[in-house]
Amino acid sequence: MNPLAQLLEAALFSACRPITAEELATLDPDASAAGVRVALEQLREHYDFNQHGVELVEMAGGYQILTRPVYAAAIERAQFTVRTPKLTAATLETLAVIAYRQPVGRLEIEEIRGVSAGGVLRSLQERSLIEVVGRSEALGRPLLYGTTALFLELLGLRDLIDLPKAEELTIALRPHRATSEGSDDAAAYVEAES
Amino acid sequence: MTATEFIALPEAPTIALGAGPGFVVELEAFSGPLDLLLHLLREEQLEIADIPIARIADQFLRAVHELGLNQAADYLDMASRLVRLKAQMLLPRKVDEDGWEDPRAELVRRLLEYQQIREVAVWLGRAAERRAEQFARGYLPPAPALPPPPLTLSLIDLLSAIDRVIVGIPSPVLHKVVARPLDVESATRRIEDLLAGQEQIRWFDALGSGATIADVLSTLLALLELARRGSLRLLQPTPFSPMVIARESPRPAA
Amino acid sequence: MNPLAQLLEAALFSACRPITAEELATLDPDASAAGVRVALEQLREHYDFNQHGVELVEMAGGYQILTRPVYAAAIERAQFTVRTPKLTAATLETLAVIAYRQPVGRLEIEEIRGVSAGGVLRSLQERSLIEVVGRSEALGRPLLYGTTALFLELLGLRDLIDLPKAEELTIALRPHRATSEGSDDAAAYVEAES
C-alpha cells in the first residue's frame, strides 16, 4: 500500500462514522483529491484481494471500514458487540414518507399513515434520523422535516438516490412536490391510480 | 379461543374472520387503521379499486372491537369514515348520472398511497437489516487532550428543539385554570358501598347531601360506567318517577 | 489470510474492548487455542508486511487493532474520532425555551420541559450561551435568564427578532420582549410567575 493509503486506513480505522473524501484530504496537505481517490481504491482492493475480515464501504457521502456481513453471527454470539435493534413498522413507515416527500410536514405524514405522528417524530429527531429543514408557507407555518446523514448511515445508503425509484415499485409513487409541476403531476397520478 | 389470546405472527398476521369465534393476532402487527384495512382486503382477496364498502366496514368495526382498539382515536376515526361511506353508497343515484363521484375515491387513493409507503418501508427495513450485519469499529481509545473543537449551533437544531419542547408542553403555562375536577372514582366507591348494604338505592341516596354540579356529573358518570360493566341496573318504573338503582348479581366475565 | 484470521480481524475490529485469546477462541467452536495463536500471528505479520496503517497490539492480557503511532498526530489534528460537539437535546431544548421566553426563571423552564434544569442552566452559562439578566418580582426573587450575544453569533442572527416568530410555530409561544410592548408583557409575566 502506498503511504497515503496507509494514512487513510489509520484515519478510517480511528473514526466511528463515515468520513468524506474532502475530510480525508485534510489529513495530508500534499494530497490531491485524485490522490485520495486512488489511495481509497487501493485500500478497497487490498481488503478484497487479501480477503480481509473488514471492507471499505461507501456510505452517507463518506467512507467507512466495516466488518463483512458473513462474520456478524459469530461476533454477536461471542458477545463482542451487539447488532442495532430492528426498527418498528411505525418508524419505518414514517421514515419512508419523510425520505420520499421531504421536506414534509407533520400533517401530511399523519394523513398518509392514518395515525398521529407526534411521538414517532420526536423519537426520530432525538435519534438524529430526521431533522427540521424549514417551515412551510402554509397556515400556521408548520415545521418541515427531512432525513439526515445518520439516516443514510443506518441504512447503509450512499445517497438518497439509492432509494428505490418510483418505477421500481409495484405501484408508482406520486412524485414529490418539489420536483414536479402541479398540474402534470396530478394528471400522472390519476393515471397511475386507474 | 378468546379475543384476549394473541399469538405473535410477525410477518403475516392471519386473522380468522367471521368463521371463528375471534381473532388470533398480535396487536403490534398493525401500524394503523390503513394497515388493518389493507390486511382485511388482502385476507378477502379484494381489489382496492373496487372495495365492497358495506362488507369491509362491518369487518373493520368487528376487528376494531375484537382487537380492543376501541380506545385508539385513529382507528375510531377510520371506523366512522367507513360507516359514513357505507351510508353514502346506499344513496340512490341515476344510472346515467354525469359527474357522480364515487364516494370511495378518496379512500382508494389513500390506500394506494399507503401501500406504496408500505412497500418503501419494507425496503428500508431490509436495507437497515443488511447494514446491521456490518459492524463499525467498536473500541476507541480515549480521546487525546486537545482543545475542544469550536461549538456548533444551528438554527435548524434550535428549531428542532423548540418543536420537541412544544410537543412536550402539557398545556399553555400562562393560564392555570383549576377546574372543579370530576371525581368519578369516589362516586363509584360510594355507590358500590351503598349497594353492598342494600339491594336497591335511589338516585338521591347515590348523590348524597349537599351535592355540587361536579358531584352530580361524577355520580351520573359512575352510574353509567357501573351499568355498562353490569354491576348494577338502572330502572325507572314509570315515566318521571325517581330512578331506582338495583344491585346486579355478578356475571361471569365475557 | 486464513479464514480464522479473517474472523479474528472482524471480531477485534468490532469489539468494544481488548479481547483475550480465550475469548477469541469462542468465536469458532472448531478453533483450537493453538489455531487462534497462529491466526493472530498471521494477522500481525500481514499488517506489518503489507505496511498497513494499523497494527495488532497485545496489551493488558488482550488483543486490539490500533492505528500506528506515526499517524497519531495527523489523525488527532483532523479530529475524526470526536464528532463535532453538538449540543445535547436537553441543552438545545432549554436554550429554545430561554430564547423564546426570556427573561425567564428556572421554575418556568422546568415547568415547560418537565425536568429539573439546574445542571443544564449551569452548563449553558459556562458556555456563555445564556446569562442572568435580572430578578423576578415573584416570591424568592428568582434569577431570570436570557440569551447572550454569543448565542446570536453561533446562530448567525443579527437580533432576537430574527428568530422564527412564535405565531409562525405550531403553537404560539409567548412573544418575547423585543417584539411586544413592555408594560403589557411585563404584566402578563408577573402573572405567569405567581
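Chains here go by letter, A, B and C, matching the order in which they are written, and residues are numbered from 1 within each.
Everything that follows uses one rule, which is that contacts are C-beta pairs under 8 Å (C-beta built on N, C-alpha and C of every residue); 3 or more make two chains touch, one makes a residue touch a chain.
From a predicted model like this one, the values you see are computed outputs, not experimental measurements.
S.K.: If I average the CA coordinates per chain, which chain comes out farthest from chain C?
M.R.: Relative to chain C, the chain with the farthest C-alpha centre is B.
S.K.: Based on mean C-alpha positions, which chain is nearest the centroid of every protein C-alpha shown?
M.R.: Centroid comparison flags A as closest.
S.K.: How many Å are there between the centre of chain A and the centre of chain B, using C-alpha atoms for each centre?
M.R.: For chain A versus chain B, the centre distance works out to 33 Å.
S.K.: Based only on mean CA positions, could you tell me how far chain A sits from chain C in angstrom?
M.R.: It comes to 21 Å between the two C-alpha centres.
S.K.: Taking each chain's centre as its mean C-alpha position, how far apart are chain B and chain C in Å?
M.R.: 37
S.K.: For chain A, jot down the residues that touch at least 2 other chains.
M.R.: Residues 13-17, 65, 67-68, 75, 80-81, 126, 135, 143 of chain A each touch two or more of the other chains.
S.K.: Could you check chain B for residues that touch two or more other chains and list them?
M.R.: In chain B, residues 135-138, 140, 157, 159-160, 163-164, 168 touch at least two other chains, as defined above.
S.K.: Which bits of chain B are touching chain C when the two form their complex?
M.R.: 135-141, 143-144, 146, 148-149, 151-155, 157-166, 168-170, 173-174
S.K.: Would you tell me which residues of chain B are touching chain A in their complex?
M.R.: Interface residues on chain B, with respect to chain A: 28, 31-35, 49, 73-74, 78, 108-110, 112-125, 127-138, 140, 156-157, 159-160, 163-164, 167-168.
S.K.: Under the definition above, what is the set of chain A residues touching chain C in their complex?
M.R.: Answer in residue numbers: 1, 5-11, 13-17, 19, 23, 26-28, 46, 50-54, 65, 67-68, 71, 74-75, 77-78, 80-81, 106, 126, 135, 140-143.
S.K.: Spell out the part of chain C that touches chain B in their complex, as residue ranges.
M.R.: Going by the criterion above, the answer is residues 10, 13-18, 64, 66, 72, 76, 79, 81-82, 84-87, 89, 92-93, 95-97, 99-100, 108, 111-114, 127, 129, 151, 154-157, 164, 169-171, 173-174, 188, 191-192.
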